[in-house]
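Scrolling down, you'll hit the structures one after another.
Two complexes, one shared chain (chain A), two partners (chain B, chain C).
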Partner chain A sequence: MPEQQEISLSILKKRWLKFKTLKRGYYSFVLLVILYILSWFLPLLVNNRALVLSYEDEMYFPIISGYYAGSEFGQDVPGETIYRELQATWESENSENWVIMPIYPYSPFEDITVAGNKMYDPPSNTHWLGTDNTGRDVFARLCYAFNISISFALVLTILNYIIGVIIGGSMGYFGGRFDLFFQRIIEIWSSLPMLFVIIIISSIIRPSFFLLIFIYTIVNWIGMTYLMRAEFYREKSKDYVAAALSMGQTNFKVMFKHILPNAMVPIITFFPFAIVGGISALVSLDYLGFGMPPPTPSWGQMLDVGLQNITKAWMVFAPISALFSTLIMVVFIGEAVREAFDPKVYSRLR
Partner chain B sequence: MSKNTLVDVKNLSVHFPVHGGIFSKRVATVKAVDGINFSIDRKQIVGMVGESGCGKTTVGRAMINILRHVAPDVEIGGSIEYHFGDEVVDFARLSSSEVRKYRSRVQMIFQDPYASLNPRMTVAQIISEPLQLHTNMTNKEQTERVGWLLDKVGLQPEQARRYPHEFSGGQRQRVGIARALATNPDLIICDEPVSALDVSIQAQVINLMMDLQDEFDVSYLFIAHDLSVVEHISDKIAVMYLGDMAEYGNAQDVYHQPRHPYSKALLSAVPLPDPSRKNRKRIVLEGDVPTPLNKPSGCAFRTRCPIAQPACAESKPEFKEQAKDHFVACPIVE
Partner chain C sequence: MTTYFIRRILLMIPTFLGSTILIFVILQMAPGGPLERTIQQLQAGAMQQGESVGSVGDIMSGGSSVLPESALRELRRFYGFDKPVYQRYLIWLGVWPREIKHREVKFSGDVKEVSKNVGRGTYMTLRLEGEQVGVYDKAGITSDIWKGAIDKEASKDDNVVATIFQTEFSGILTGNLGTSYTYDQPVSEVMAPRFKVSMFFGLTGLFLSYIVCIPLGIRKALNHGSAFDFLSSVVVFAAYSIPGYALGMVLLVLLGGGSFWDIFPLGGFRSPTEIWETLSLWGKIKDQLWHMVLPIIAWSISSFAGLTILMKNSLLENISQDYIRTAFAKGLQEKRVIWVHAIRNSIIPIASGIGGVIGVVIAGSYLIEKVFNIDGFGKMGFQAILDRDYPITLGFLVIVVVIRLVSNILSDIALATVDPRIRFK
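Showing the complex of A and B:
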């Protein structure tokens, strides 16, 4: 028997190989994953604190240890050291001391209270995408907001999926009264006007990242239950489930070891679109002003400020293009995933 | 009841309530199985035949206690007493958690080899699952056992890493047989194991099952609707009609001297490759099988029976031993 035939690929592996051949989706996926991983190291890449600093033969790591008053390094400023200026001064003095700054030496929170920052500074070599109405660097805020948006969407989607799979799966698997009871609860729950509920809650409590996720999860878990209920309902009557039960497998194992792998198609194909939904949800809440608390960098808030200052084009274009390109990449991924899961090889939407 | 009895089914009935209306009131009952009696000895093959919808599969699923999974409100009456060594266990009474530790003793082979194997698991994972549940084998021992079992059912041990969709129907059914044999069960319920296969493959699979029965000392409850297949394999034959047992006895007796009019009709429909018997009388039954929702009074078969009498509508015929080990539910032919 030839060696090749011995290795069998699982269906998911085959789909992954097909996904890799769909260049647009695959490259979007790779790019987004790389950007998202990089975004976790943003404090090292985009920050106004020095990475390493040598002052009078002593090493300092402000990026880790945090606040140093300017006077500590012989700088005549009130409050924290301005490392960019320190670097410029020491370089022009040819001094023994040196500073290594991050690649992009501006922080998303640094506004006009820091000397040298101006409001509505148009894009330039120093501020790549200019500054906003409080003198904060738009590019730095854009990068940090990317991390927050994607993290928000990921955590939200995964939480929704966990709850949706457990409740929807149990509804389909156990059926009977349990199913009936949760169907009615879901019907009542889904008829609440959720945007208003969120607006009311966030006008009472100051929302944070996890509170927003919590609120959105309470609303959004329903979507997955419909799909999972149908999948489990269909799969549970198949003979392989009866076989697993007849050999003494527990309900839990049957649900998650036998049925769930066969019910993955809606989970995976909906994932990118759920991410799109999550990002848009946060942007719209931030835009309306009920989202993350103010100094947090967010695309929605940037969009809001940009529209108030519509003559400053960079303030509008930056968040819009960031949002647009992120969403379109996620949609490309979703499209490729759909095609990778399509059993018909030649049906193409390209 | 002899000492050799493995399972004794007494007065087994399986009723599915039907609900309707706004308040889900019980409006009817499907009497899928309505009081049947039979027993299976150790190392015995009992064939069970009947038309579609007569309750054969339901009997099999009741005997392995998985009916409640699909229909939680099913009503199971009577008893299914298994004799495992000195223990007597009634599967009709046990809950699904109590029955778990006896699961390794009774296994099942399913009709559709395409649906009975999980498409996301390799053959090795499928066959080793009962081993993980019921034995303390290490991974290496499991792999060895899986290879050995695959060899026994006529597959190559190297094929263990493949997925079910890479096999043909006959090969898949062999995988199903290997899975059922994995824990050395006492009884295997074969729910029409060859109906979904080609005729040429059917013969191979049946011969394989007979060889394995010898080797593993296992009993079969062989459910089928093809009497010639059942006659070939069985020691005893049970004929079912609409949830009732019409006739039960030794295979030779039932096949060659059927007593119940339904068995006679069923047997006359078996195609025989024997020109000397081409003039045999073909009994054609009139009408359709009545619905189990609303069974005829008295004898369920009387609406289609060629020898029915007015008395048949009055009371259910007694399932009586008319000759030695030959039970018939028809007082007229006695």
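Showing the complex of A and C:
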């Protein structure tokens, strides 16, 4: 079998190889992807329900099957079983029964109504980052909020991109009246202070995750539209477009099969920065109280509570460090991506 | 060139109308507006007081928890909700007559003429003329000042309810932003002091970040790839990754007397008025600076990263141009090449950014104002939305929109001024 020739590497592959050499960005990327994938399995890692439990030679899986009353396992508590205590009692009794808890056995919603939880508990071995104003575990909330923040930013960015490519692409490709009309709309849209508009809308309707994304998309599609318009406008005057059209390709095919792949550079290089924007937007909305409905774990809400209890430093530092380290990783990725895609090499003086 | 800018300025008009219509409609469609809120408050008040209703006067006649029809009508008229949305918008704009000093008149049964006191002992005669109401003064001449109209919704069969009112053109185009519901003051009076506070912060922050970022960017570009460049890049990345208000919180916890050091105050623009008045001039300056340090740092951090990188990249790009090589080739000093040839060209994108920054100065800082509890412009707008104080909300948004539109043009003018190669068409 003849060996593949080096020169036939596609441009994207070359860029990926370049990206891999930029250690700071590459490792941030790997770490962030691993963390995000892990965060989907958070119920297995950070939760107050037992993973597996064996009681009188029968196996139970509370994490899948959900609610079990405490009386079912011979625990004298009202309502749901407190598995941590169950584990402690059975271990001290050396009984046949056993419980396997998640690595971090606290849930983000478990507040002072559960026995043993205290308000404003400073960081300790049991609560790694302490507890908040209602006795909920800060670390557990931090982890769940990470998943929500990243998911929010990802869905938001992808939606914005789809709208941006369709509208911006059509504006650049068709031009004329259509372009002019949308230009005016964009001008009006971008003159509005959007965070305020979102606040007005959110104060009318209590947003859920997808409603919030919807509202934000309505407000936020402009950035990508602008980029795509310029990109399509430039590409459409090139020969390959004329060639495709002369061979009888439809406008739709020319736009999405021929031009779009050539307009990918801004899409990809802008992506990490759009994610940064999405995450910070959600945090600031949550901080103002117009984001996710409570008791959804969110960094913004934790910041708000933290600032009200300024003497309890962990409550401010925990969400800020989480926010900061996530954002800085994304920024590192963005910087590396930009460098990988940018053929310009700055020459030094002389 | 001039034609281009004139056209741009004229194009501001449709954009301005478009965005104000958008804001207006969103606000008016919102449930739980000022009218509903007032009705709720009045009803809640009536419920609490039971039979003994005194404070709200005639509006609460009867002491029941349901407002009487006439009071509702009066409220609706006060908030302007008796008109369709487009009329309300035009009135607010100031191109449709605004009806003021409403007085209600009832024609019951066959009575077609009623005399009504319009204040200061002046009586007007109202005559029902088919679908219209004529208003006549003592001499029997049609009044120029007072106009009459039938309130169709309120009228039933024989009982015709009419209102007489004066009209005037007053709206944002005539400089009247209305009266705030919550502050009970003209909107412009509520805004002026807060606007000054925000401007003060914004301009100081802007000035400081330019002073720091431009030299830093230049230094980074000249030492591209050095240890200094690397270290300052870390700082820049960190600054980019932390929102200004979050940094503000960290500073407050560390230095504002939270858990660690108690060096700076927890917030506020300056000391409370009682203390402020007693200070000497030097004391005032110290007090102001003392309050300003943390918010200014938090404020500047947002533009710090962007500006520094912009300056660095712009200078790097220029340095790799051929004209720099030419300058070196003809034997010029390195200092001269950089400071005279390269810097002048690299400053262009920074200069053109000034207009855009102004918009951010005004509206973008309310998160910081909230963290530091500064009674500024952004915080006022935010609070107005919460309170459903529509005159303030609208006034706030209009000012922000105008500032943005103007600053867009300003950046283009700045760009055209610093860079003679740029010609707009």
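Of note:
By our rule, the second predicted complex is superposed on the first by the 338 of 350 C-alpha atoms of A that agree within 3 Å, B and C clash if a C-alpha of one lies under 4 Å from a C-alpha of the other, contacts with A are read in each partner's own complex, and residues count from 1 in each chain.
The criterion applied here is as follows: contacts are C-beta pairs under 8 Å (C-beta built on N, C-alpha and C of every residue); 3 or more make two chains touch, one makes a residue touch a chain.
Everything quoted here is computed from the prediction, not taken from an experiment.
Superposition of the two structures on chain A leaves chain B and chain C fitting side by side, clash-free. Looking at the shared chain after the overlay, A:316 reaches chain C, while chain B stays out of its contact range.
After overlaying the two complexes on the shared chain, residue contacts for A:230 are found with neither chain B nor chain C.
Judged by the touch definition given at the top, the superposed model places A:243 against chain B, while chain C stays out of reach. By the document's definition of touching, of the two partners only chain B reaches A:176; chain C does not. By the touch criterion defined above, A:332 lies against chain C but remains apart from chain B after alignment on the C-alpha atoms of chain A. When both complexes are overlaid on chain A, the residue A:284 reaches chain C alone and has no touch with chain B.
More residues of chain A lie in contact with C than with the other chain of the pair chain B and chain C. Taking every C-alpha atom of chain B against every C-alpha atom of chain C, the smallest gap after superposition is 9 Å.
No residue of chain A lies in contact with both chain B in one complex and chain C in the other. Across the complex, chain A meets chain C through its residues 184-185, 187-193, 196-197, 199-201, 203-204, 276, 280, 283-284, 287-288, 303, 306-307, 310-313, 316-317, 320, 323-324, 327-328, 330-332, 335, 346-350. Note for the complex: chain A touches chain B at residues 1, 6-8, 10-11, 174-176, 236-250, 258, 261-262.
Against chain A, the residues of chain B that register as touching in their complex are 61, 64, 66, 69-70, 72-73, 96, 99-101, 103-104, 106-108, 110-112, 115-122, 129-130, 133-134, 156, 158, 161-163, 166, 176, 179, 183. Per the touch definition, chain C reaches chain A in the complex via residues 11, 14-16, 18-19, 22-23, 26-27, 30-32, 222, 224-225, 237-238, 240-243, 245-246, 249-250, 252-253, 256-260, 266, 316-317, 319-320, 325, 328, 334, 363, 367, 370-371, 381-382, 385-386, 393, 396-397, 400-401, 404-405.
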